[in-house]
Amino acid sequence: MASEVHVETLAVREQFDTASQQKNASTLGMWVFLITEIMFFGGMFLAYTAYRSWYPNVFGAASRTLNATIGAINTAVLLCSSYTMVLAVRAGQLGRRKTIMLFLVLTIILGFVFLGIKGYEWWEKFEEHHVPGASFHLEGTPLQGQAQLFFSLYFAMTGLHALHMVVGVGIMSYLLYQTYVGKYTAEYYTPIDVGGLYWHFVDIIWIYLFPLLYLIDRHGPKP
Amino acid sequence: MNASYGIKSWLFTKDHKRIALLYLATITFFFFIGGIFATLIRIELLTPKGDLVSSDTYNKLFTMHGVIMVFFFLIPSIPATLGNFFIPMMIGARDLAFPRINLLSWYLLVIGGLFAIFAMVAGGVDTGWTFYTPYSTSYSNTWVIATALGIFIAGFSSILTGLNFIVTVHTMRAPGMTWFRLPLMVWSNYATSLIQVLGTPVLAITMVLVFCERTFHIGIFDPALGGDPVLFQHLFWFYSHPAVYIMVLPGMGVISELISVYSRKAVFGYGFVAFSSVAIAVLGFLVWGHHLFVSGQSLYAGMVFSFLSYFVAIPSAIKVFNWTATLYKGSISFATPMLYAFGFIGLFTIGGLTGLFVAALGIDVHVTDTYFVIAHFHYIMVGGTLMAYLGGLHYWWPKITGRMYPEGWAKLSALIIFLGFNLTFFPQFILGYLGMPRRYHAYSDEFQVLHVLSTAGASVLAVGYLLPAIYFVWSLRYGQVAGANPWKATGLEWQTPSPPPPHNFEETPVVTHDAYDYSTTVGEVIEVG
Amino acid sequence: MAENRDTHDEREVELPEIERPGVHHEEKDVNVWAVGKFAIALVLICIAALFLLFGLFRYFQAREAALQPPPRGGVNVDARRLPPSPRLQDAPILDLKQMRDAEDQILGSYGWVDRQGGIVRIPIDRAIDLLAQRGLPARPQAGPQSAAADVSVPTESGLGPKMMPPGGPLSSSGLK
Amino acid sequence: MSERTEHVDSVATYTIVWVSLLIATAVTSAVAFIDLGPFSVVVALAIAVLKMLLVALFFMHVRHSTKLTRLVVMGGLMWLGILITLSMADFITRGWIGVPGK
Amino acid sequence: MGFRLFPEQASTISFEVDHLLYFLLAVAIFFTVLIFCAIIFFSIRYRRRSDRELPHAVHGGLPLEIAWSVIPFGLTMVMFTWGASVFFKESRPPDNAMQIYVVAKQWMWKLQHIEGQREINELHIPVGRPVRLTMTSEDVIHSFFVPAFRTKQDVLPGRYTTTWFQAVKPGKYHLFCAEYCGTKHSGMIGWIYAMEPRDYEAWLSGGRAMGSLAENGEKLFDDLACGNCHKPDGSGRCPNLVGLYGKNVQLASGAVVKADEAYIRESILQPTAKIVAGYQPLMPTFQGLVTEEGVLQLVEYIKSLGEKPGVPEGSGVTPALNREVPNTQATRPSNATSTPRNR
């Protein structure tokens, strides 16, 4: 009896009694982690809300210099990657190794596309002298400090998001490898499930960042 | 626990009990570092002039005292040592839900601590533990970023511990262990974990923003660019007020256990005490603006936060009354842990009631940023939590080590600590109302008498803390061997040998009684009451 | 392929439970609905508190306004004028920057100093070059460097007598 | 040996959700160019909330999850709400008594 | 400053704050004593006499729990409301407060009076007048703290903050910086000198003989160029002010009013409210250009125009002037004539 208690498998580690228990625990753990991430980003959402309420016009003007089309395309890319991710999870539920790998690869590729587009956007901002610092200048307003504040928040928020994407791509790569060597079955695909939750969460953050950063006051001030 | 030997077996352990002991060593180390700073502070404050150390050094001393004591000692203290060791056992589990993450938590604390120590050794940091901008972001030329990084990393240690506890308590209780049969220690640590998980990330992002502001001058806290220094304060205190409840709730959990065992009665109003723990955790998130009353926050916001601050006092009141009522018609033992429990209740009462003073807007205008606030929080954190921690250590020492501590020395230490503590911090209430500001290196002559009293108390206090350090170590070798349940306590942890084996229970216990049913542990019985 | 068959249906998959023999755990968890009700109550109380406190705020405001001493003679003096110059600077670094920028402007530009007298100013770098080219007189005359006597030498504390416009560097060229 | 069941959604379900998300993105981008005054923000955030719900309920399986999971999610959002609401109670009420600093 | 256990009460708000303190102390002492005594009593009365004791469980009751939740809650609501009430008073300066400007920097206080006097780390104020400080910082956050007045307000860069107080007795009171600001935070201290109003006037004028209100009013009359319009011989487009005080004045509207202090004051601050018959509404308002003191001084000066020397109008202090005004025995204004007004 005692010796059997201490045998460990992937699906039921030592401390757990049943596979369901482990899966529930892992899922709950990932959800709790995600709400810590909500609060982590939350601080910057507060800064954005406060300063936007104080400087609506400057923030609007600054926001209009962002390329909303590219932002929308990037949003679509990320939504597609969520789609491929959930299909990977589904394949995990059904225990189909090759399908999992296919969709994980697609997710990773889409993740890179997103990061690439983001990198391009940032480079554009750099060229336009919209990067906060000594050479910052936004045309059309004397309130350079406040305009710089918008861009600081823009870079900080999209930067933190991009960092989470990079980590996400890393996690996907790890999951890809683990799938390749056959660690996952229909009984135990929890890491894919949990990795999926992370990926979708990063997507949700972007779902909010896009309108808040790109679309405010997009129509411009009244003539 | 002695299953395997060697450094590697400790550094790569997954056993929650070993991790708890790793934490014990680490936080004791940090406590003494913080205590040395406190001692230097108090010696400097013996005289009105700044003569022992330079102004800059003094500023670094109190900053590092606060940072080390809060982030590297008190926040991890009870949850990561006593909580880690006993929560799985109390719920009848073999380990926590994520043992390797538990180990990672410890490593994160150590790494964060190394950054903090680096900052100390390389020259120190002088922003105050509160890092107010723009001083910390644009004016201080000390090791702000290193310290912020250390705090950031330690924050994740805290988050992961909280996450682990939450998942464990939800999913791994033994059969029959429903929520309302859990020991109150588990309830308190669960509530603490909620705070850790919801609040600490905001501290993390705040440290990131301080780093960005300091390095890249992004302007988020800089008025010249349209930023607001008060935004920093909102972000910082959104975590740091709940953080103080992280610091006290586990202590309250310990006290619930101690009061119950040493009165040999169930805690009066168990359900209320359990709910109050969660209520404190939740309500504690609504009050952070009470640290910003004179900071330039709007008057209306001040009213909102003051109002809500009084709500969070009520669950604490409920607990104090319930603990006191537990003594009624009990069978009271004066063992050392009980003395610490009494100390906690008394000193937490005083400290908590003075919290009501500072929550009153009209009074806080006068006493904020004075020694009154220092006295308020040292009463709760030192007179409260630290005493609870010591009480818990003494209580569970036999279970952890299999040895008893020397009761006579322990009682003496408790008394010395109690007297030394009050002598140190009670004069500070008077100092504060008189107008002695905090973070002052030199002060006006008329404050000296009270400062001398305070320093005298601090010396007594130091002796009081040194004694347990010595006799606990002594008892490992020479202490009386303890059995499985020397206190006749309830709780699943007392049903294992002392010290417990690697997987705690050979067979999963099945729980059929409520939490504090002493009829199961007291053998032959004389009924009283 | 199995794929084709199941793309359109939702399903339940049955899996064997993997269990560790001899150990169990408690299945019942928190009463989520009770917690939810508490959370909703909390939100409602907070919102109510915000309104209540707004009302209290208005009450205090009215109370303080009523308590103000009636202005004597019926007219209240609004005495918020500013003290006479020189006034306290709240951002001296900005004033300093402005002054330095103005000085730099003068130092770095061409312009008439005295049109009738035919005196111009040139950028200081150019002046340094010229002075280096032409050199100073070999023999010192009445005073040191008389060739440069007509040139005003700027120092840390100012632009020198000839260059400094009356009223200080901030007075000319439209700078406030 | 007992059994446990898992809910597997169909590809069709996911596809519908995915397409809806893309449509919502297009809508929110287009509507941004229309001047709705103060409602621009409301509409943009409402669409964002809808997208979040779609991702959470379907892609993250909150639809099939335990009540505890749903409580956790709502708790997280509520906490973000607390942070922003009470802080904004300061930022937008400054100067209410006409005295600088309060 | 000797050793003391309780700070001085030197401002009007000190008393209110201290009363709130007494209430809180009473509650705190009550509960502290209650808990301490309960613990001591219970633990001795029910001490364990044998290790085999097993007490009965005592079951908690809902009524008890409710009682000891509701009563503290009621007490806390009293604490909140009282505290908020005092806080509101501490935050809102009276409308007639005199203005002082403060700039804080590492590590000193710079203060400036409206009249122009500048002080470093010291502030002279009159007793009995509300004083309002408008403050900002040059660099980091500081805090203006006067324990004897029970006031404190953080001083922020890039922003103005306000505090106010009214001293009730003369004395020398500590001023501390109460927000950590760097190396010499503990050196950023000073003194508030509250003085009798007469002494304050003396200090304000640099210690010279300060003269009466009327003399100061004459100076102000010249400074503000009143004499450009109101010529002493009554010529020009503006009424002669000599002998105005106490006379009945015919207004353009047909009404007749007596030219008392209130009328003169209103003529200075809101001249278009009552236009004198036969004159155009040419007079500009001096609202915002003259302080409360200034108005008092001008009024006194105008009152003194046309007075026979040695015969003051009324005896002693007139009711419209407040107590802190020094004696108003008429003195001869230096360039007044006793030409009666021409109407």
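Remarks
Think of it as A, B, C, D and E in the order they're written, each chain with its own count starting at 1.
Heads up, the rule we're going with is that a contact is a pair of C-beta atoms (placed from the backbone, for glycine too) under 8 Å apart; a residue touches a chain by one contact, two chains touch by 3 or more.
No experiment lies behind these values; they were computed from the predicted model shown.
Chains that touch both chain A and chain E are the following: B, C, D.
Simply put, of C-D and A-B, more C-beta pairs touch at A-B. Distance from chain E peaks, on a Cα-centroid basis, for A.
Centre-to-centre separation between chain D and chain E, using Cα means, comes to 51 Å. Centroid to centroid, with C-alpha atoms defining each point, chain A and chain C lie 32 Å apart.
Our note on geometry: chain A versus chain D, Cα centroid distance of 15 Å, whole angstroms. Counting partners per residue, chain D has 4, 6, 8-9, 11, 66, 68, 75-76, 79, 83, 87, 89, 91, 96-97, 101-102 as the residues that reach two or more other chains. Residue positions of chain E with contacts to 2 or more other chains are 84-85, 88, 91-92, 153, 156, 159, 161. For chain C, residues that reach two or more other chains under the stated contact definition are 6, 13, 15-17, 19, 22-25, 29-30, 50, 56-57, 61. A list of each chain pair in contact follows: A-B, A-C, A-D, B-C, B-D, B-E, C-D, C-E, D-E. Only residues 22-26, 28-30, 42, 46, 49-50, 53-54, 56-57 of chain C touch chain B when the two sit together in their complex.
Touching chain D in their complex are the following residues of chain C: 6-17, 19, 29-30, 32-33, 35-36, 39, 43, 50, 57, 61. Residues 1-7, 16-17, 20-21, 24, 27-28, 31-32, 35-36, 38-39, 42-44, 46-48, 50-58, 60, 64-65, 68-69, 72-73, 76-77, 79-80, 82-88, 90-91, 106, 139-141, 143, 145, 147-148, 150-154, 156-159, 161, 174, 176-187, 189 of chain E touch chain B in their complex.
Of all the residues in chain E, the ones that touch chain D in their complex are 91-93, 134-135, 153, 156, 159-163. Considering their complex, residues 4, 6, 8-9, 11, 14-15, 17-18, 21-22, 25-26, 28-29, 32-35, 40-41, 44-45, 47-48, 51-52, 55-56, 58-60, 65-66, 68-69, 72-73, 75-77, 79-80, 83-84, 87-88, 91-92 of chain D touch chain A.
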